[in-house]
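Shared between the two complexes below is chain A, which has chain B as its partner in the first and chain C in the second.
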Partner chain A sequence: MASNARSRLVNATSRRRGLVGHHLAILMCSPALALVTSFLVVPAILTIRTSMTDMSLATLGSVRWVGLENYRRLLEQPELPRIALNTLAFAGVNLIVFNIVLPLVVIALSAAWEECLGRFLRPVWLLPRVTPSVVYSLLWIWLTAPAPHGTLNQLLTPLANGQSSWLLSHPWPVVITADGLIGTSFATVLFAAAIKAIPKEVLQAAQIDGASYWQAFRHIVLPFLRWPIMFVAAYQGLSLLASFELILLLTNGGPGLWQTEVWSLYGYHQAFSYYAGGLQMGYGAAISSLLVGFGALASLAILRLFRFPQLTAEPKLGAI
Partner chain B sequence: MGVWRTSGMRLMAAIVLLLLTAPLLLLYVWLPISAFAERTEGLRPEGITFENWRRLLEPLGGATFLESLARSLAFSSIYCLVLMLAVVPAAYAFSRLPLPGRRPLLALLLMLHAFPMVSLLIGVYQTLRWLGLYDSLLGIALIKTASEIPLGVWVLKGFFDRIPWELEMAALVDGASRWRAFTSICLPLARPGLLAIAIFGFVAGWNEFLLPYLLLPSTTEWTLPLYIRSLIADFRFVDYGVLAAASIIYVFPPLALFAFGQGILSQVYTLGGRVQAQ
Partner chain C sequence: MRLRALMALALVVLMAACGRGSEPASGPSEAVGQIQTITITAWAGGNPQTERGRISMLEKAAERLNAQLEREGAKVRVRVEGVLDASGDLARKFVLAAQAGQAPDIINSGHEDIAAWAQAGFIVPLDEYLSKYLNSTGLKDVIPNLWEAMKFRGSTWAVPQDTEARPLYFSKLLLRRLGWSEAEIAALPERIRNGQFTLYDMLRTAKEAQDRGVVQTGYGYWTRPVFGDNYWGGDFYQFYASFGGSLWEPASGRLTVDREALRKFFQFHYDAIFGYRVTARSVIGGTEWKQWHETVSRGDQVLFWNGGVWQWAEWAQCCLGGDEKGLWENVGFALIPAGEPGRSPTTLSHPLAYMVTSEKASGRRNQELAFRLIALATDPDLNSEYAIQSKHLAILRTQLDHPVYTRDRFLSATSYMVEHAFFLPNNPDYGRFDSTLGRVLMALAAGQLNVDQAVQRAIADLQSAVPGLIVR
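Showing the complex of A and B:
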C-alpha cells in the first residue's frame, strides 16, 4: 500500500516533468549507438555491397557492379573444398576437445583440491586468454622450434633426435592446441562460475545419500552446466568459424599451399595481401560476406538461447 | 564439491591435473628463463645476464621499444576512456529509462556481441578511408570501442539492474532529477561494475594486435604488439632473449590487473552473471 502511494507520488512528479525520461534516455544512449552504427553496422553493409563489385588494385577508380560474379567465381575455385574442410575441422575439434571436454575435466579435477592445488593451478589455465596474442604465439613458436632450441624437441631428444620445427612438420595439431587452450581458459571461467552457483545443500545431500563422485557429477553438476555448455558451443563455435588471428601469427595458412588456410584467413589474404591475392577487395568481400550472413543467422540463434524476453523486463522506473 | 571420498581418488585427480597443466607451465616458464639468459636450449639457460634488458633501450628496426610502450599506454587509456564514456550512460539508460525501441536495440547489441567482428574488415577499411582515419591510431581506437560496446553495455546493465530501485526512487521523491539520481546514487553503487569494465577494456586495448596490424601500415604509430611482432618476423634478427624481455614487460599489465581483480573475468565472460543464471 505504502509503495502504491509512493508510486502515485512519483507519477505525479513525472507528469510535471513531461518527457524528461525519454529525452534523457536517447541522449545517454546516443554516443554508444552512434559508434556501433558507424563502425559495426555500416561496415557490415559496406562489406556486402563491396562483394558485388570488382573492386581491386587493378580496377582502382573504375569500380564496376558485377552482381553475384564474385560468388560464382568463389564456388569454382579448386581450393575451396580444402579451405571449407580446414575451417570445419579447426572449429569442430577446437570446440569439442578444448572448449567443452578439457574445461570440464580441469574443473572436475581441480574441484577435488579446492583448497590448495586447485587454487594454484586454476590461474595457470587462465593465462592463454589473458596473454596478448603476439606473446602467446611467440611462446608456441619457441615451444615447437627445431632442436636444439625448442623446448618440446629438447625434451624429446632421447626419443627422437634432431626433430625439425613442429609448426612445419605438424602444423594442425600445434595450431589447434594453441588456439584451443585460449578457449579452455574462457570455458573454465564460465563453468566454474556455474558450479559456484549450485546450492551447497544439494551436493551435501547427495554425499549423505552415498552418491559416488561420478553420480554426483552426472546427476547434479552436469544439469547445472547444461546451459553454460550450450552457450560456449554456440558463442565459441561462431567465433571459431571466423577466427584467424593466431593462425595468421603461427603459420599464415602454410607451411604448404592452403595447408592451414581457413575461411576468414582466405578472405583476408584475397582482399588485403598483395602477394597472395593482389588486393582483390570485391572477391575477398564475397568470401567474408558469406561469413557475415552465417554470423547474423548464428547470432540470432544465440539470442534465442539467451531467452531474450526474460532478460529485458521493462525498467522499473520507466514511467518517470 | 565435497564428494571425493577416497584419498586414492584424490591423489589420482591431483596427478592427472598436474600432467594436464605441465605443458602450460612449460610454455610460460621459458619467458622468465630466456629473458635473463645469454642463450637457452629448451628451458636450459646458458649464462645469466641483464644484457637483454639493456638492449631493449637501443633502437631496433623501425620503432623503438620505449616509444611503442608509451604509445600502447596512451592508446589503451584513451580507448578505455572513450569506451567508458559511451558505455556507462548507455547501460544506465537501458537499465532504468524509458528508451524508445529499447528491446530491439538490446537484442541488436547482444547479436553484435556474438557476431564475429573480423569478418567486417573490408567494410571497416572502407569506413576509415571515407572518414580519413585510415592508418591512424584514432581510427583503430574508434573501431575497437565500437566492437567492445555491446559487451560493456550488457555487463554494466547487469550491475545497474541489481541496484535496488527504492534508493533511486527515494531520491526522486525528494526532488532530485533523473540525472542527479544517476550520478549521485547509481554511479557510486555500480563502482565494482565500472572498475570491471574499465580494467577489461584497458586490457582489451592493450592486447589488441589484429586491428592495428591490418589498418596501420606505416610504422610511425606502432603500438607494442606491432613492435614485438616485427622483431619476431624479422628473420635477420631473431634475438629470443630480447624478445622475452620485451614480452615480460608487455604481459605484465594484463596479468597484474587480472590477478588484482580476481572476479573480473568471471563477471565479464558471464555477461554479469547471465550465463549461469538461467
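Showing the complex of A and C:
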C-alpha cells in the first residue's frame, strides 16, 4: 500500500518535472521559433499564395487568383529539365568536391604545417568568404577575361593562343570553382576546429597500436567529424540550392541557352529581371515555391543519411 | 493597467495616422510668408561625366518656372531635387519605389518603358497638359516623329529628352593601312547611305584586313559587347531591320517577327563569327564594357564596330584625355549598312523621355507643375547644351539651326542619321520579346545553335513568351 503510494508520488513528481521540462524547452526554443516563423514559414506561405496569382507589373492593383496555372505553365517549359539538372549538378558537385572532400584534403595535408604557417594560411584561406560577392566575382571576371585583359590568358599566351573568355568557353568549371572556394574556406575552418577538439590521447593510443596515418584519419578523425560534416552538408547543401548571386554576377545563367541557369536564378529572372516591364512575380513565386518544397525534402534526406536521431540521442551513460 | 496601456497604444496609432494625414499631398514644402515652395523630385540614369544635364536641365527650368509663377501671381514656387543614377538599374529601382508609393515626380527613362509603366498606372497621360502648354513652350518644336515614340494606346505619355543614332564606326587608320585612299575613306559614309556598301561588303573588307595582317583575327568587326546582362541592347535590331525586319505592326501595336529577316539576321552574325571569323566569339557573351571601350576607342585595333553617338563623348573622356582630336583623325562613322543590295541603311534611335508619375506611384499631386518643369527644360538652349556635352542628337527643329548646337562638328555630321532611324516598340511584352531573342542570339554566338535551329528556337520561344505575336 505504502509502496503504491510512493510509486504514485514518484510518477506524479516525474510527470510534473516532465511538464516543467517541456514548458521550459518551449520557452527556450521560442526565440528561434519566432524567428523561423517570421522569416521562413510566413514568407513561404506568402510565396505560395503569390504563386497562385497572376501578379506582374501589368496586373499590379488588379491581381487575380489563377490557381495552379503558373505551375502548369512552368512544367510546360522545354528548358525546365536542363535547369533542374544544372541545379543538381551545381549543388551536388560543389557540395561534395568543394565543401566536403577538398576541406578534408586540406586538413589532412595541413596537419603537418608548422603552427606559424597555419596561423598565416588560415586567414588567407578565408579571403573568398570575407570578400564581398561583387568584388570577388569581378576578380574572377578579370582573371578569366579574353587576352590581353585576362590574367589567366596572359599567363597562358606563351603556351597557347589564350584569347578566349574562360567564362564563355568553360562556364561551369569557372562558376563552380569560384563559388566552391567560398564553401571550402567555411568548411575547412569548421573541420579544423572539430579536429582540434579530438583528445590527443586517442590519437596517441592509435599510434602506439600501430595505426597508419590514413587508418587514424579514417577510423578516429572521420567519426569525430560526423557532426560538422552533417552540418556542412545540410547547411551548405540547402544554401547551394537557393544560391545564385555568383552565377548572376559571372554568367547570368548563360552563355546562350540556360547553360548555367539554376532554379533559383530562373525564379529571380522571371520575377525581378527588369527590362521594359518583364516582371512576373506570380510566375517567379511558383518557381520558388517548388524550390522550397524540394529544399525541405532534401534536408530530411540529409538528416536521414547522417542518422540525425542517433546523433542527438541522450548519451547511453545517462540512462544507467 | 491593461486598459491604460491599450489607450496609450491607441493614442500612438492615432497620432501616427494624423501625422501621415497632415502631410500635404504635394509632398515636402516650405512656406515663407504666403509663398509655398514645393519640391519636385526627379530621377534620371546616366553617365555623371557626360549626362548630368538630364537633371541640371530641370534645375535650370525651375528658375524659369518660378519666374513664370511670379508673373502669374501664383503663391507657389518649385525647387528640384534630382538624382542621377549611374548604376544602369534605374528602371528597376523606379518600379520598386512606385510600388511602394515613393517614386519621384519625374522619371527620365527609355521610351520602351512607357507601355509597362502606363499599364501599371505609374505614369500619367500628358494629352491634357500638352493641349494646354504645347504652343507656349519649346514643346511645339519637337521633331514630329519623336512624338510617335512617346505614344501608347492612343495617348502621349512622355516628352522626348534626347535622341540618338547608333552608327557603324570604322577605323580610318586601319583602312589607310589596308590601302584605302583618303578619298575612298571619306566617301564610305555616303556609299553606305546610298546602299552601295552592304553588311557583307563590310565583312569582306574586315576579312581582307585580317588576311593581310592589318588586324588580328577576330578584330575585323565588333558588335556591341554583351556580358552576362539580361539586356543585350537594341543595337542588334539594326541588323534585323537592315534585312527588312520589323518589330511591330503600327496599326495594332502588336509585336511581329519576320521569319526571313530573322534568318538573315542570324546568318549575318553566324558568318561574322564562324564564317569570316572577323568577330571574336567573346565579343557577344564574354567582353566587359571597359575592355570593349579600351579596345575600340583609339581606332587602332578593330576595323569596324557599332556603338552609339553618345559614346564619342565617352571615348574622348575615358580613353583620349578629353580630346576629340584623336577620334577625328582615326575614327569615322556611317549608318548601319543595308543587309543586301536593294535594302536601305538604318540606325536605331532610342529617345530618352521625361515622364510624370501618378499619385499612386509618388503619393503626391504635383503632376501639372512637374509637366510645366519638363516643358521648360525642353527649351532649345538648355537641350543644346546637354546635347553637346553628351553627344546626343537634337530633339527640336529649332535646335538644328541653334548656334550652340551647330557649333558642334560631331552632332552636325551625324544629324542626317535621324532620317533613317527607327524606334523600339512601345509594347508591355517587349521586355520578354527582347530577352527571348537575345538569349537565342547568344546561343548562336556561343556555337550552341546553327542558323536553322536559331530561327526555329527563336520563333517557338517568342510565341510562347509573347501573347499575340505576329509571325510573318
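Details
The rule is simple: the second predicted complex is superposed on the first by the 245 of 320 C-alpha atoms of A that agree within 3 Å, B and C clash if a C-alpha of one lies under 4 Å from a C-alpha of the other, contacts with A are read in each partner's own complex, and residues count from 1 in each chain.
Convention: a residue touches a chain if its C-beta (ideal position, glycine included) is under 8 Å from a C-beta of that chain, and two chains touch if they have at least 3 such contacts.
Computed from a prediction, not measured in an experiment: that's the story for all the values here.
In the superposition on chain A, A:131 makes contact with chain B only, while chain C stays out of contact range. In the superposition on chain A, A:206 makes contact with chain B only, not with chain C.
Chain A has more of its residues touched by B than by the other of chain B and chain C. In the superposition on chain A, A:43 contacts chain B only, with no contact to chain C.
Look at A:149: by the touch rule set out above, it reaches both chain B and chain C.
When both complexes are overlaid on chain A, the residue A:272 reaches chain B and chain C alike.
Shared-chain residue A:141: touches chain B and chain C both.
Shared contact residues of chain A, touching chain B in one structure and chain C in the other: 141, 149, 248-249, 272. By the touch rule above, chain A contacts chain C in their complex via residues 57-58, 60-61, 77, 141, 145-146, 149, 163-165, 167-168, 248-252, 254-257, 259, 269, 272-279.
Residues 89, 91-92, 95, 99, 110, 112-113, 115-117, 119-121, 218, 228-231, 280-282, 285-288, 291, 360, 428-432, 434-435, 439-440, 442-446, 448-449, 457, 464 of chain C touch chain A in their complex.
Listed in rising order, the residues of chain A touching chain B in the complex are 6, 9-10, 13, 20-22, 24-29, 31-33, 35-36, 38-40, 42-47, 50, 102, 105-106, 109-114, 117, 121, 123-135, 137-143, 148-151, 153-155, 181, 186, 189-190, 192-195, 197, 203-204, 206-207, 211-213, 216-217, 221, 224, 227-228, 231, 234-235, 238-239, 241-245, 248-249, 264, 267-268, 271-272, 281, 284-285, 288, 291-292, 295-296, 298-300, 302-303, 306-308, 310-312, 315-320. Of all the residues in chain B, the ones that touch chain A in their complex are 1-5, 9-10, 13-14, 16-18, 20-21, 24-28, 30-31, 34, 40-44, 85-87, 89-90, 92-100, 102-103, 105-107, 109-112, 114-127, 142-143, 145-147, 149-150, 153, 165, 168-169, 172-173, 175, 177-179, 203, 206-207, 209-210, 214, 225, 228-229, 232, 240, 243, 247, 250-251, 254-255, 258-259, 265-266, 269-270, 273-278.
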